[in-house]
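Before I ask anything, let me first share the structure, which is written out below as structure tokens.
Chain naming follows the written order as A, B, C, D, E and F, and within any one chain the residues start at number 1.
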Amino acid sequence: MSLMQAILIGLVAALTFFDGSWFGEMKFREPIVTGFLVGLILGDVSHGLMIGATLQLMWMGVTGVGAAPKIDIGVGGTIGAAAALTTGGSAADATLFAVPVAVLMQLVHTLMMSGFSAFMPWAERKIERGDLRGVVGIHYLCGLIALLVFSVPTALGMHYGTGGIKTVVNGIPGWVQHGLTGIAALLPALGFAMLLDVIMTRKLIPFLILGFVPAAFVGHDLTLVGIAAIAIAIALIVFSLYTDLQNRQSPVPATGAPVPAMANGATSNSDNEWED
Amino acid sequence: MANVQRQPDVRALPKKEFRSIFWRSFSLLGSFNFERMEGLGFLYAMLPSLKRIYRDDEAGLKNAMSRHLETFNMTVAPSPLVMGTAVAMEEKAKADPTFDTTAISAVKVSLMGPLSGIGDTFFWGIFRILAVSLAIGFAQQGSVLGPIVLLVVFNIPNFLTRWYSLKFGYSQGQGIMRSMGSANTMQLFTYCAGIVGAMAMGSMTAFWVPITSPLKFTISKNHIVIQDYLDQIFPALLPIAFTLGVLWLLKKRLPVMGVIGIVIAGGFLLGALGIIAGAAE
Amino acid sequence: MSLMQAILIGLVAALTFFDGSWFGEMKFREPIVTGFLVGLILGDVSHGLMIGATLQLMWMGVTGVGAAPKIDIGVGGTIGAAAALTTGGSAADATLFAVPVAVLMQLVHTLMMSGFSAFMPWAERKIERGDLRGVVGIHYLCGLIALLVFSVPTALGMHYGTGGIKTVVNGIPGWVQHGLTGIAALLPALGFAMLLDVIMTRKLIPFLILGFVPAAFVGHDLTLVGIAAIAIAIALIVFSLYTDLQNRQSPVPATGAPVPAMANGATSNSDNEWED
Amino acid sequence: MANVQRQPDVRALPKKEFRSIFWRSFSLLGSFNFERMEGLGFLYAMLPSLKRIYRDDEAGLKNAMSRHLETFNMTVAPSPLVMGTAVAMEEKAKADPTFDTTAISAVKVSLMGPLSGIGDTFFWGIFRILAVSLAIGFAQQGSVLGPIVLLVVFNIPNFLTRWYSLKFGYSQGQGIMRSMGSANTMQLFTYCAGIVGAMAMGSMTAFWVPITSPLKFTISKNHIVIQDYLDQIFPALLPIAFTLGVLWLLKKRLPVMGVIGIVIAGGFLLGALGIIAGAAE
Amino acid sequence: MANVQRQPDVRALPKKEFRSIFWRSFSLLGSFNFERMEGLGFLYAMLPSLKRIYRDDEAGLKNAMSRHLETFNMTVAPSPLVMGTAVAMEEKAKADPTFDTTAISAVKVSLMGPLSGIGDTFFWGIFRILAVSLAIGFAQQGSVLGPIVLLVVFNIPNFLTRWYSLKFGYSQGQGIMRSMGSANTMQLFTYCAGIVGAMAMGSMTAFWVPITSPLKFTISKNHIVIQDYLDQIFPALLPIAFTLGVLWLLKKRLPVMGVIGIVIAGGFLLGALGIIAGAAE
Amino acid sequence: MSLMQAILIGLVAALTFFDGSWFGEMKFREPIVTGFLVGLILGDVSHGLMIGATLQLMWMGVTGVGAAPKIDIGVGGTIGAAAALTTGGSAADATLFAVPVAVLMQLVHTLMMSGFSAFMPWAERKIERGDLRGVVGIHYLCGLIALLVFSVPTALGMHYGTGGIKTVVNGIPGWVQHGLTGIAALLPALGFAMLLDVIMTRKLIPFLILGFVPAAFVGHDLTLVGIAAIAIAIALIVFSLYTDLQNRQSPVPATGAPVPAMANGATSNSDNEWED
């Protein structure tokens, strides 16, 4: 493989990461896309597409939902396709490379996202100093780092042979992996704690409990949408109670016509209750 | 609401700003990290609007920027809805000094959970599967239509959602802000937004803080799985315990960098020792 | 089969429908009953009973609960028994006729109940015009229509041979059946929407949510009785809150003796709290 | 309640009326339809009482009749309980012009769900199975005792329930009405009845509006079952969405016949196209 | 709370009393019975403190003793927490005659459920299994270390929990009592303690009153399992029905001994006839 | 077996009961412990320990949680070990004795706990009469009775042969066992009814419902801890509502600084909201 080809493949790897960072999850990471691009670079588009299709089927169920890291199908698919095309291997051979790489890159991903965490207090300080460009710069810097982290090793690996990749994957000691998992598990607790620090007051503690307990006991069967619906209902009830009772009103006016819950109350009439 | 005085300030977001937010919303995950998640990306999208709103108020600008650097996480496609609403609320906050800005954070927090629930179902569940399914036949035959179909089918809803959710979010936000005439109603609104926010935080802590314990002992053939006991006392005990633990550190007025250091070092240690791990999948 | 017998069997078929309309679900529709009546008409009571018993066992689990239509065991059982007795067939043969008829008549039932829906605005207009007898007449009219719809075709089918029934069942195109199912699925939404139109006010919206969300997520395991119990609890709490706070009272009087929740508050004393 | 002034009007339902309601309650399903369900049957049973109560008030009578033509559905046997309560409430409504009659609808709605839950368990679950079980042995031997045992065993509770539930419903309704002395208490009662009614409506919409989507796609071996995605966002989404959709049409002040036409045509079309179906059994 | 006037009476439990409660708490199950469960054992542990608090007030002492003879049941190890809290509340009750003592019962009731949930998990689930697991290897080899290890491993947490939970309960109880300044706050506290107590009672009745019906019929091959129908109407119907039934007897002002007699005779009869049984395990 | 040995084994049986009554569940009842003690008495410690270990493994899952009686592993283990050691039997033989005894003693246990119920009104009367020592005496009396009930028959059984035990177990008619089960099932209802009599007021009825319904429908998956958390949240919300609305306050002061929920309200400032 020529150096140029290796570099281009490194850029495809970076593109798959940018898909899930700067490009709004436009789906450049899907193996069909990367298979096509790698095929284009290595001069065998239709083979690349077929390999892509195979990897795509394998990874159909892998999504990237939520805060926990998932296996990196973007770089995995890129390198898998490249390896198969250069070794003249079949689509099945592609998976032999794709899977360990996807796992390895998830680790790299975790590490990078842990690392980016350290930029956040820095951004905070820049805000304090009024350095607006600096704040934006940090956002860009993250992109730049990702570009290097994802393209350079991929390009090198491609240029100097794919055998090294497996060595690296096998070389990481288990306790390091577990340690990184531990960091990735704890950091969201920090994020949510900081949010709680902002929005919580003593008076809201009972509502934190009311949101937490059903989620904890019933689990994901009760979706966030369901809990949010209940939360809105409770908020509306509290709103009515305060509105009425601060003025010592009845819940419904004496005529039987109900008062709109969130209107100012002065000029409401019962006809327009639902329409407005 | 029908019985609210007509106010002259009902207007759309300036076109240039609309476009800024729209495009910048694509970079929402650009600096994703486990601490603030999409916080910096959110701030980046809000920045042009914040600069306009607080053009003559540096302190206000700084506060608003800090506010939007806060932890945020949701499906990216419908995120402009939240941005639009937040811009409308910031406008109100600037216009009315008695406005309680914690309501802005509370509203953002309230929206991120349910919109992610819906958004992930559509974008990860439906549109991705659909796009891939339609593309895969072409790809298997080596046809270039494969990637083209995939990208087009997926991105039509992606772009449309961003565009219309931004429109909707801004006008909706303006509507709510206008309907709050008296100071009393506004306080009440803040409190009620806080209620929804707090409940959302409670449920998101249970769902999105993925701490479990992989600890297992086998003593003379008895398997003791610590997580089972924890679940028996209270499911999601570790997520809430660690979150409140970190909150306690923050309340101690430790420097934030220190708390981060503690969390990272602690996380590595506990993880390496096999005491904690991520969510069991 | 004589014409008279055919007509009588048509009336038995109508009776099974009347069981679930005018006769308060007295259970005339059960196959044991229809087997007996058909046997009586065709002059072989004991055979009719045995066939009825067989069909009864088969349809033990079929109930008619809720708004969705169920297979029509009444007419099914009637025709099944009649066919078996006239052809000298066994109880097993009876089921060959009973099952398709039960399915067909469910469809007819759906159609009729969709049709009756159109009478309701008519009844509304009669009320407006003060035509009380007219309103009652519509109720009777429904009975009359049902009588004809269920007895006449049954009698004809009986008289001219049961072979035709199967032809009819097989002749209905699938899309018509699906269309009718669609109507039957949507019409209850209309009924409930009209009820909501009457009882809902903006202030009650949160409570609609509080009733809907648990039912939607937990499903039928949480019965309507359970949700009603919760609803009553919430209503009582709101009642107390308004009663106390409109008068800026404490939830309990200073002496520690609790105030009865729904009493007028003037003369309450703590002794009779539970008794009244 | 103990501390309520003794009022002279505590009396039983006139014997003739009692018998009317009792017998007419058997025809509750006589004009069952998917729109008002047992509404007309309920009105039919109420009519003699309504005529007596509003003998000198035509407008009142019309309103009351409209009210009891509203959608109603419950197990038939205990339905006289609701009729009795409704009669007592109508008496109050006539006597006290400030009485808010939406409370009557709310109370009916509140009762129909739980009483059906209990009623169906007893009449479909227990008494039917019991009656059939006792009868089947006789029938198998060709004995005429079969149908006799079946009908007798089932109908003893059927008749008794109607009789006593009517008695109970009327006296209970009177009791509640009497206990509401002040206008304030009455408004509060109406509101609280509305709370129970609204919650009952919410749960009945989820349980009794049987709309699901049978849509399924298979694109290159991926099965896309639309109902699964809908359930992931919100179970019972179609029932509530269609119900609120129809409510919106009604609020548009379209003529009711027009709305019915839309629903029927729409239902047929959506059904025939395989987009909606009834509840999966 | 920070903004409460410093009051001079903040002090620890007298050492002698502390030791009394600590040791007597071991006998909590000493007179366990199905009626009051650990009630008499609880009173026994409280007695020295009650005598001190009400040394000059015989009527008060009698009332307090009755109060602590009430039904009580919880895991024994953390029970001193409740005792400590109860002592602090009794001190308040003595000092402030307007204090509503039903709050004491309500607080005890509120604590017993959750503390048992946690306590049983730890002491029956974790510590017992751990102690036995560590001991069993020795025992299998006939080594005396077996029982020694078992008893030591289990009882270290047993003793520590009792000691520190007593400390914690007393100081926590004192803290809450001090924070209630005005009479109004105190009434409100009583009411809110009642709320927690009532909810706890509701759930404990469902969980801890183990009445089910073993009635089963088979009529011509149809199995009718009465408990299934009961569960369909309302799970835990028998526990709540019997509990409210007995409450109704008590409200009738029957002599308590009579009620007990009825319950025992009735229980034997219903049990012997196969109509009721304990919880299905 | 000598009389002394029999008496000592009787005392071990009593000790296992005292473990769960006077000795704070210190775990003397576990078979490893009783195996050791019985071995000590019968002069074969190591055998006793091994038998104990076998029984222990068998009864690992038996706990004594909640109000319902469980099989008595204490006396069961004691007699099982003793029987095996005296007959020179194996550990397997021990279980032949241990299991029926454990069942029998559960019955005795149930009976005794039903009987102790009758002491409670007696204790009540003693309190009324101011007889403090008498109250304590009843507590002790329960211990004494238990001592006799558990040690004497065990000693006798040991001395006169274990064959009798089985005879007794088999001799109890089923209806008596069921009757006792009935009593044990109903008595907790009495205990809870008496508690309700003390703490319930009409105004608390809705909360009783709110606690009961979820427990009844969701069952033990929703623990008492979960329900208590919800209850505390509701209580705090009601507390806030009354506090604010009796004074016609807003839920939050005009400055946006939240009011601590349970503070006296006079001198609160927003800084110390979380700390105190």
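The rule is simple: a contact is a pair of C-beta atoms (placed from the backbone, for glycine too) under 8 Å apart; a residue touches a chain by one contact, two chains touch by 3 or more.
Computed from a predicted structure; not experimentally measured.
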Contact-graph separation of chain C and chain D, given in steps at minimum: 1
Shared chain contacts [chain B and chain D, defined touch]: A, E
Between the pairs A-D and A-F, the one where more C-beta pairs touch: A-F
Computed distance of Cα centres, chain C from chain A, in Å: 50
Inter-centroid spacing, chain F versus chain E (mean Cα positions, whole Å): 11
Gap in Å, rounded to a whole number, between the CA centres of chain E and chain B: 44
Chain C: positions in contact with at least two other chains: 60, 201, 203-205, 207, 209-210, 212-213, 216-217, 223, 225-226, 229-230, 232, 234, 236, 238, 241-242, 245-246, 248, 250-252, 260, 262, 274-275
Interface hub residues of chain D, defined as touching at least two other chains: 102, 117-118, 125, 129, 132, 136, 184, 188, 191, 222, 232-234, 251
Inter-chain touch pairs (all): A-B, A-C, A-D, A-F, B-D, B-E, B-F, C-D, C-E, C-F, D-E, E-F
Chain A residues within the chain B interface of the complex: 20-28, 30, 32-33, 35-36, 45-47, 49-50, 52-53, 56-57, 60, 63-68, 113-121, 123-124, 127-128, 130, 132, 135-136, 138-139, 142-143, 175-176, 178-201, 203-205, 207-217, 219-220, 223-225, 227-232, 234-236, 238-239, 242-243, 246, 260, 262-264, 266-268, 272, 275-276
List of chain F residues in touch with chain B within their complex: 60, 223, 225-226, 229, 250-254, 256, 274-275
Chain B to chain E touching residues, read off their complex: 219-220, 222, 224, 229, 232-233
Partner chain D, residues of chain B touching it in the complex: 117-118, 121, 125-126, 129-130, 132-134, 136-137
Chain A-facing residues of chain D, complex: 98, 100-102, 183-184, 187-188, 190-191, 222, 232-234, 251
